[in-house]
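Alright, structures below, take your time with them.
Here subunit A shows up in two complexes: once beside subunit B, once beside subunit C.
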Partner chain A sequence: MVMASKTTVLVIGGGSTGCGIVRDLAMRGIDATLVERGNLTHGTTGRMHGLLHSGGRYAVSDQASARECIEENRVLREIAGHCVEMTGGYFVKRPEDDEAYFQEKLEGCHACDIPADVVSRKELRTDEPYLARDVEKAIRVPDGAIDPFRLCVANAADAEANGARIETHAPVTDVLVEGDRVVGVEVEHDSGPGKRVHRTPGTTEEIRAEYVVNATGAWAGRIGDMAGVDVEVRPSKGVMTIMNVRQVDSVINRCRPKGDADIIVPHETTAILGTTDEEVSDPDDYPEERWEVDLMIDTLSELVPILQEARTIRSFWGVRPLYEPPGTGTTDPTDITRDFFLLDHQERDDLEGFTSIVGGKFTTYRMMAETITDHVCEQLGVSEPCRTAEVALPGSEDLGSLDDHMDSFGLRSPIARRSGQRLGSRAAAVLSGSDPNPVVCDCEAVTRAEVRDAIDGSGSDLNAVRIRTRASMGNCQGGFCCHRLAHELSPRYEEDVVREAWDELVEERWKGERHALWGEQLSQAALNDALWATTMNMDTDPARTGVDVDFAAFDAGEYGFESEGSSGVAADGGTRGDQ
Partner chain B sequence: MSDAYTPDDGSGIDATTTPGGTEHTRDEYEPVEVFPTEGMDLRPGADSCYKCSTCDTECPVAEVNDEFPGPKFQGPEQWRLKRNEDTDIDDSVMKCSNCMRCDSVCPSSVPLSQMHNTARGLYVEEQMETLSREYIRNRILSNYRTSAWLASKVPRIANVVMNFGPARWLMERTLGVTAEREFPAFATWTFREWWADRGGPRVPNDEKQVAYFHGCYSNYNTPEVGKAMVRVFEHFGYQILVPEQGCSGTPMFANGMLADAERHAETNVEGLVEAIDDGAAVIASCTSCSMALRQEYPELFDLKGIDDLAANTYEALEYLRINEDLEAALSESEVDSQSFAYHAPCHARNQGLATQAVELFEGVEGVTATDVGDSCSGISGTYGWKAENYETSMAIGEEMFEHMAADEAEVGMTECPTCAMQMEHGTGYEIRHPLQVLEAALC
Partner chain C sequence: MAISDDVLVIGGGLAGMTAAIAAARGGARVRLLSHKASTLRNASGLIDVLGTDPGGHGPLADPFDGLDALPQEHPYSVLGEQAIREGLALFDDLLGDRYLGAHTDRNALVPTHGGTVKPTARYPAATAPGLASFGTETLLVGFESVTDFDAPLAAAHLETAGVPFEVRGVTLPFPGEFRADARVTRMAHALDEDREVRADGPATGTRATLADRVADHLDGAERVGFPALLGDEHGEEVREELADRLGAEVFEVPMGPPSLPGLRLEDALEAALHEEGVRVESGNPVVGYEGDDRVETVTVERVHREVPYGAEQVILATGGLVGKGIRSSRSGVREPIFGCHVPQPEDRYDWFSDGVFDDQPYARFGLRIDEGCRPLDDREGVEFENLRAVGAVCGGYDSAREKSASGVSLATATVAGRRAAECL
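And then the complex of A and B:
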């Protein structure tokens, strides 16, 4: 059966750009629907290092981008305070790095209105004692860390509050074209529609729209193909390696023109090392190789030597949606511009009602969303102005008074602190939602109340709970909390749903952890395996495998007895069971 | 044993060295400051934890107090959740008794007690009111040496006053020092007075020298233990030095008074390192004192020679068992038949010394020493003296009391003076130090 529905604007892609666009549209009073094939942030947004650019990185090579970055950096601190940690950042010069480039970088920052000053080695190492002793100096800039998961979830939640419809786990299977006009899409709901609940039968839905926006980033070419237009995205992969603890509390950039493995971002409880830049042909299928991880650790150890012996908890790869206009012919992906492009397919391909947005950076997602929303409004004849730069996201309203009442929830201080930082202005409402309120994930200090709040927002999908709360993203990678998270789904969901959600979370955790199997993380993986496979019987549990167990085949054990007519087996618990 | 994590200095050599290693290399670019200035970053220590929770299952406080979150939370979890600007430490760290059993059971060398000591120091420095009853009480308790020094001037009066009912009632009401316990008697003649009176060492020997770290308790309360140490070591021909010394710092670590501890450590390191430079080994008769000099000093302080001190410190019995043929010496000895219920202090356990006394006395005709099990005595120095911890302390000690009662011995034995207090308090037994038994057998 095919469902049918209508919307004014349909946005494809639940990454930062898509979530930003749907919020902007909804705030301007336009009926909008967002469809995403996986969870929110499933694509590139969930696979980046979480840097809130100051713009310093582009201050020499791409000053237009640098100016946009510093402008949006200031905006996001205001509207998304609960997703941002203003760590500050440094461009660190080692003795072998070029002095002329250092000066160019400093002048570039000043030219782009990026606050920047030079700090001496002594000051630098006082602030960041784990930096190598022979670093020379650095340029200090207002880089920060931002949580892309919370940011997207907050954008989507605000869009919903303004009347938008958000459908995750709803891949687009076709773009509907009538004549020379795109009139909608066909999606296949994994379950539902609505919040994802495992084992709920899926449906196919035809969503007709006046306008369709393709915000699928590295996957934009595929959606383009469905509509019969060429979108020449050049996906480029990059590895990111997550360290167990923060060796640095500021963003550390290597001050040199370009190169792999030149940034460390302190992210929540961890530090993320990045990255590489290598073009791939398929954004869904590319090799994840060990040398890439080794390169991160070896190269960045030149800046922070302790990385060499520090614990890595996982690695992941993301795919940049690089784009350059046909005919530019850049060969090295690091040279492709980071600017974004709005491709109006009417102008470009004579196909009406359809625009793709490609390229761009996470930090400027809101600005990109504003540009494309302006464009869509122009097509629709809507004159409502954009307000996304002024209106705070849910969770970021009135953050000033937060600390004062965090100790009223009966949580131990580091747990209260972390919960408050994650929940922002929603803290009181969420944390008072469960009594008692035990800690479910010890590593990341996530309590039951926060987990239940996430389940309210995302159905039975534990990976969606994970990105909302950080539960299972810490040092044991879910070894001690995956089953507890699954337990929180019950009794709201039936056993088979819970088991499937649990398995899916465990699989996802393993996906990244398998790239860190040495040293302490290997011990961790062995312990997790012992807990999951043996204690919880997750590998061969008959309840999971569906195999009928012949209980009569078990021997009677030490206290076995011969019962009348039996062959010496005790399937009923033996003599003790009889008593 | 885990050493302090100090950032790499880029020289290829660890900035902190293993005991007995080279001096710290520092130059004008080295900005890393060690306690008490803030910023001792122990987050990297959390890398070693894979959450197995063995520490939580072995923690004696967690076993009897459901409110206590346990060493895994206090240590690696709390540190890992910290950001550089965060200074607040959860107040539950004051419920840790610093028995350090978590250190010895951790299969992955997480520097748990270092994390606890440092967090407790930060908590006291940043969050505890210096005019609060708790702070004043803890300061007085942890500076036991000062009280003991005062009392030693008028020991007889002190002994009467300190156990005078109304005075104790007042102490509990005003300071929160439990009135349930009896204060240990102060010696009328301290160990150092005795030592000076006898004219110092009676065995001169350039080849075999030990420097005795008697600590506060052997000096002010049980000089008979100190005297036993002197007689036993002189029996084996050692020249004994008794350098200037303060408190080892153990009660100060447990109360987060790290500045006090460091002040005493400066005196101790100076005097003891001088003796080491002259060829002596450092001997303690209290296992918490030797623990402090060996492990806590290098983990918490950065003083010249501190690693040498850690590498050259021994507990008295341990040193003799390594360097002398004690078994042969004892095989000749004759003592009156006697039995002891032996309790191994947690801090002895951490140094691998939990079985030394029982093993040693197996070979002595007439002496029976029975290990009463591996539980903690529960007093943990000043911990069990606090009114709010008294119940917890006795609940932890219950297992030991039962095992002592079940054994035929009616005399207890242990190396730790506060374990001895608890053993006596819980059973009414007289408690001996292994050195006293050794003295009776040899001298």
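And then the complex of A and C:
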């Protein structure tokens, strides 16, 4: 069955860029639709480091980017307060690191308006006691941590509130071109349309649009191919390794020109080590290797020695959507600019109604979205101004009064505090939605109300619930809560839907945990295995394997508990086996 | 002078406790040293022997039918069928009528809190009326704040699994005032004490109130299953009263941590240890040993000093990756106290498979043993002439996929305990 629909602007890609664009369009009164092949943040946005850049990292090499970063850093603190933790950051110098570069970094920060001051070893180690004893000094900058999931969901939710349509699990399979104009796309709904519900039959939909924006990041070349134009993205992978506790409370950067494994970002209860930079040919299929994880631990323990012995809970990889204009010919991906590019295919390729946006950073997503939206508005003759820098995202309005609300939900205070941080100004509305409101995920202190609110927003997809709530993302990696999360889908969804969503979550959790399988985390994996396979028998569950069980062949109990005929199966495995 | 005993057991899980009892029954003076609580509070309390055929999809109706297909390094292959029977006999004797299943070799199918059935060899009396192998209309009851069990969903799941009876589920509020995230142990104690609750009318006991709430949903069901929280110390009494009031059989569905059936089993075994005169010391880890071909003493780490404990025979029952009897780092897997050989792939990326429920090499990590349960070195010689290994510290088997955890613990424990006593 092919459905057909119309929209004014169609945005492809539900990463930070696409979500930012669709919100901006909707706020300017334009009828917009966003289609994403997986969950929101399925691409690079859900697999990045979560650093809200101060700009310090680019203060020497790329000052234009550095300026944009500090500007947007300030904006996001205002409009997305519930997604940001202003941890502060340091550029730390070890004895072997170059003093001249340290000075250059400091001057660069000042030149770009990034507040920066030098901190002595003593002060530094008071703030961050786990730093190596021989670090010399550091430059303090306003780096922060930002939750990409929450941010994208908030952008999408606000876009919907302003009339936009958001379709996840809806990959674009073709770009419709008529003459020299792009007139829409064809998407393949996994299930639905609408929110994802497992086992709902899929459909194909033709969405016609006056304008199409390709915001598919590392995958932009593929969408380009569908439209018959070249978009030369150079995907480059990077690893991130998650520690089970925060060894540091501020962002720790190594103060040297460039290099792998030079940053630690504290995130919620964890600290994340990163990263590498290696060009790959296919953004969907690249090796995830042991040396990359080892490199994170071994190199970053030069800054924070206890990392050597610490517990990691998983590792994951993301691919940067790096772009350079044709003919630049940079060989080392770390030298490719982090700037973003707006490729108007009419100017470039004589193809109307179609623009791609590539490159850039998460931190500057809003600014990128504004640039694109301005461009689209110009094409459409819309003169409405951008307001995304002033209007707070849902969850970030009026954060001041938040604490007052939290006591009223009968939640123990650390749980209430965590919920409040995640939900921001929505906390009161969400937490009053369930009575009783037990904790579903202990590691991350996520309650039933929060889980159900996420299900309202994302259908039966537990990975979407996970990224909205952080449930199953802590130490136990879902060992104690995957089934509880599945239970929350019932009775709204049927058993087969629940089971499929549950299995998908379990596999997803395992995928990242595989890269942390030694020490405590291997013990955790063995415990999870016992809970899932031994206690629950998920692995040889007849409902899952489809094996027909001869129930009558099994022990029916010592008392010969009589079946009083209700379904008539008499079965006493009985004494036949006894000798 | 070092403290000295005939047999020293290191580790207080299922394997260590039964090995200590087996040795004591063989006439030995036994001391058991345990660092932390056993893993039983996490365990379902079921006693699995072998639930799936190797490589098959199970469930296996008769565990003894599956033995021939096990690999030769499997503890069952090394020790033989008789060891399993001996282990089960000891268990049956220790637990008496608190556990059932001894009347047959067959596995029973027990409903799990994940909504399916699982094959097991011995099950608590509280679970017995719930066996899935016969057709009796069943009502499952869950509680609003107990997130580990969703009764309507479990019922639907059991039907998909093909159980030969009708099963429905209902979710009810648990009687009384509890914090939203109260542990199941609190509810169990409320039932134990039959605490008064005030609903609408006059105050009644927790049990009567619960029965009242369930009765409305009974609708012809002949048995009613609850998550395993029906009392702790007075479980039997609680079940009987509920059954009386409901006019239906009442059973428990085994649950995850904190698992009351596991804790009850632990209590029962601790009482048995006491009865057999085993001296138990817990709270301090064993960190090393003295000796060469024989273990002369093991070293216990106390707050400010290390204390040697001597023994003729030593039984290592420190558990596997979960119990920390087997440890690992990025560079390898080891047995930390005696440094016994642990076969393992060199590259840690060969320790796991890509699908979570695929065969997992890490699940087989542990010591190889000879027919007297003595750990073997990398050339198949015994590591120490007087050291034996039991339970999850042994390797070469995959307790989760096979459903064989407690069976291996019991078989190894009885053989090691008996042999240790014989060698005195």
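Structure notes:
The working rule: the second predicted complex is superposed on the first by the 555 of 579 C-alpha atoms of A that agree within 3 Å, B and C clash if a C-alpha of one lies under 4 Å from a C-alpha of the other, contacts with A are read in each partner's own complex, and residues count from 1 in each chain.
The rule is simple: a residue touches a chain if its C-beta (ideal position, glycine included) is under 8 Å from a C-beta of that chain, and two chains touch if they have at least 3 such contacts.
Since we're looking at a predicted model, the values are computed, not measured.
In the superposed model, A:T331 makes contact with neither subunit B nor subunit C. By the touch criterion defined above, A:C476 lies against subunit B but remains apart from subunit C after alignment on the C-alpha atoms of chain A. In the superposition on chain A, contact of A:A543 is made with subunit C only, not with subunit B. The larger set of touched subunit A residues comes from C, when the choice is between subunit B and subunit C.
Of the two partner chains placed around the shared chain by superposition, subunit C is the only one that A:R290 touches, whereas subunit B remains out of contact. Contacts of A:S383 after superposition on the shared chain: neither subunit B nor subunit C is touched.
When both complexes are overlaid on chain A, the residue A:P305 reaches subunit B alone and has no touch with subunit C. When the shared chain is aligned, subunit C comes close enough to touch A:P491, but subunit B does not. In the superposed model, A:L527 makes contact with both subunit B and subunit C.
On subunit A, the surface touched by subunit B in one complex and the surface touched by subunit C in the other have residues 412, 415, 480, 523, 527 in common.
Residues 290, 294, 297, 410-412, 415, 436-440, 447-448, 480, 483-484, 486-488, 490-491, 494-496, 498-499, 506-507, 509-510, 514, 517-519, 522-523, 525-527, 529-545, 547-559, 561, 563-564, 566-578 of subunit A are the ones that touch subunit C when the two sit in their complex.
Interface of subunit B with subunit A (complex): residues 7-11, 29-32, 39, 41, 43-44, 46-52, 69, 72-73, 76-86, 88-92, 108.
By the touch criterion given at the top, residues 85, 121-122, 125-126, 129-134, 244-247, 249, 266, 269, 305-306, 310-311, 412-415, 417-418, 442-445, 474-476, 479-480, 520, 523-524, 527 of subunit A touch subunit B in their complex.
By the touch criterion stated above, subunit C contacts subunit A in their complex at residues 42-44, 48, 51-52, 57-59, 61-62, 64, 100-109, 112-119, 128-129, 131-137, 144-150, 152-153, 156-157, 159-166, 173, 179-181, 220, 222, 249, 254-257, 320-322, 324, 327-330, 347-349, 351-352, 354-357, 360, 362-363, 399-401, 403, 405.
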